[in-house]
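Two complexes come next, and they have one chain in common, subunit A, joined by subunit B in the first and subunit C in the second.
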Partner chain A sequence: MSERPLRPLKKRGAFSPVLWELTIVILFFALSASIVVQLIAAAGSISKESEYHSRALLAIETVAEQTKADPEGDGAFDERNAREFTVESAPDLRVDCVVTRDISPGNGTLYSIELSVTSGDGTEYTLSAARYVTDAEVLP
Partner chain B sequence: MKRYPSRMGVGASSILLIMVVLSLTLFAVLSLVQAKNDAALTDKTASGAAAFYDADARAQGMLSELDAALAAGADATAIDGVAKTAGGQYAFSVDASDGHTLSVVFSFDDGHCAVRSYRYESASEWTGGDSGTLWQGG
Partner chain C sequence: MTRDTRGDVRGVFVFALLAALAVLSLVIVVVGARAYRSIDRTAETVHTFRTGMSYLIGKVRGADEEGMLEVRSSGEYDMLVLGSVLDDTRYNTYIYFQDGAICEYFAAADRAFDAGYGEEIIPVEALSFTLKDRLLTIALTDDAGTEHVSSVFLTAGGEAEP
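Let's turn to the complex of A and B:
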């Protein structure tokens, strides 16, 4: 008959300290991860809005310079001496332009150009420009 | 079969978690700061462009008034802000809201204004920094 050393009886159903720690760690990690995910989501949202604003600004400036170079365009001015057109720079980026001409200066024409871009979330970016063309100047 | 005792004691997972959470928080905060800086730069660019186009529009309006006045035989220098240069040309400047100035020089030839110079420049005087810390090439 062999002798076996006496061992304490294992308690069934009781958590060991390591398991307790793991449980707390997992809970704390879940809490921290939710906060970190919110931070990253906020950064992504700000970055996306900023990127759209940047593209809108570039598109508005491009259309402004094109319109200043040729304010008459297709010459389709209505009775209010205004013409409206839209330039689609990208599928999600449309620049609305209103050109108003003022022929009251006796020696030329003053064109007022109003540009706007409305983003998907309703934010509107606008820019105002003007161009004076003397009667002697030949437009393209 | 011999069973090896676990070497992972109490506290190891906590240390690992602290490192992981610190790293994740650091990266999240860095990305947020970067995004906010990008947005601020875009806003500054937009306000700069708006200031330029506003000054440009006022200069164009002033040109139309001056053109009409000169065509009617009036003296351009009687208009506020317009000065006659040494070369017989006229000059005026328009201040932009972001500290720049749009300087316009024009002449009146053949009954019409002709723009000779159209410069958008900083109104503040530029002062060079001390180059003592820069390598001067030898």
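Let's turn to the complex of A and C:
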């Protein structure tokens, strides 16, 4: 009968293969989740921006049409023949308007209308319009 | 630390990792669903007022001729009547609100208006028209109850004779 020398027990690692696998899965999940959350946030931001853009466009067109209907407004033109006013269409939506009057064209007056809306993030939306009113035409 | 104790700790750790995975998955799904709902609602609102207004303004611009545009009340309907002449016959396009939608009815001018023949264009909560001097104002309320107002300055047309 031969005697085999006793060997110390093989020490197992602190992390088993299952734990390693789980850790890798969690890390991969965290990476994917961070990308997905960024995409969701970007989609939400683009959606809000698009909605604001649509509202701004509607407001700016409306003010342009109203100004074309009554370009003289309160008649408060300054020495440059320009008048400026602001229309608040919504708490977050203000339309700035500049109406410039040119009385030099023969038999009439040309009104140039410049409108702008500045969004919260600094994006500026602008629109130009004009109306020619003959001298024979009586403005309301 | 004995082997049993170490095994317990490992089991708890594995469970905690799995639980974290499940909870985070749930959070991602819930956040994603909320964001999707919000985006969808915004898109729906924008679609309603943008498409509705574009449709109405386009129609008004197309009929911007003298005597071809009228805001009329007929029974329970406040409607916009846009005229057009084809082969010496005058036709009217009636735009009005009925059963939660903008409706359009096209008929010869000598035929009586019948709301039942109208074609549904886009669903809205309310619609009204105001014509003062040469400024037509359209007020449209979307499904969320928000009112959107737009104006059109009629370059050629004023109000038609009723």
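Assume the second predicted complex is superposed on the first by the 119 of 140 C-alpha atoms of A that agree within 3 Å, B and C clash if a C-alpha of one lies under 4 Å from a C-alpha of the other, contacts with A are read in each partner's own complex, and residues count from 1 in each chain.
As a convention for this text, a contact is a pair of C-beta atoms (placed from the backbone, for glycine too) under 8 Å apart; a residue touches a chain by one contact, two chains touch by 3 or more.
Worth saying up front: this structure is predicted, and the values here are computed from it rather than measured.
Once both complexes are superposed on subunit A, the partners subunit B and subunit C fit side by side without clashing.
Touch criterion met: A:Asp135 reaches subunit B, while subunit C stays clear of it.
Looking at the shared chain after the overlay, A:Glu49 reaches subunit B, while subunit C stays out of its contact range.
In the superposed pair of complexes, A:Ala69 makes contact with subunit C only, with no contact to subunit B. In the superposition on chain A, A:Ile103 contacts neither subunit B nor subunit C. Residue contacts after overlaying the shared chain place A:Val25 against subunit B and subunit C alike. When the two complexes are superposed, the chain touching more residues of subunit A, out of subunit B and subunit C, is B.
When the two complexes are laid on top of each other via chain A, the two nearest Cα atoms from subunit B and subunit C are 6 angstrom apart. Residues 18, 22, 25, 29, 33, 36, 40, 43-44, 47, 50-51, 54, 61 of subunit A lie in contact with subunit B in one complex and with subunit C in the other.
Against subunit A, the residues of subunit C that register as touching in their complex are 10, 13-14, 17-18, 20-21, 24-25, 28, 31-32, 35, 38-39, 42-43, 45-46, 49-50, 53, 133-135, 148-153. Residues 16, 18-19, 22-23, 25-26, 29-30, 33, 36-37, 40-41, 43-44, 47-48, 50-51, 54-55, 58, 61-62, 65-66, 68-70, 140 of subunit A are the ones that touch subunit C when the two sit in their complex.
Residues of subunit B touching subunit A in their complex: 6, 8-11, 13-14, 17, 20-21, 24-25, 28-29, 31-32, 34-36, 38-39, 42-43, 45-46, 49-50, 53-54, 56-57, 60-61, 63-65, 67-68, 70-72, 110-114. By the touch criterion stated above, subunit A contacts subunit B in their complex at residues 17-18, 21-22, 25, 28-29, 32-33, 35-36, 39-40, 42-44, 46-47, 49-51, 53-54, 57, 61, 64, 102, 105-108, 110, 112, 125, 127-132, 134-137.
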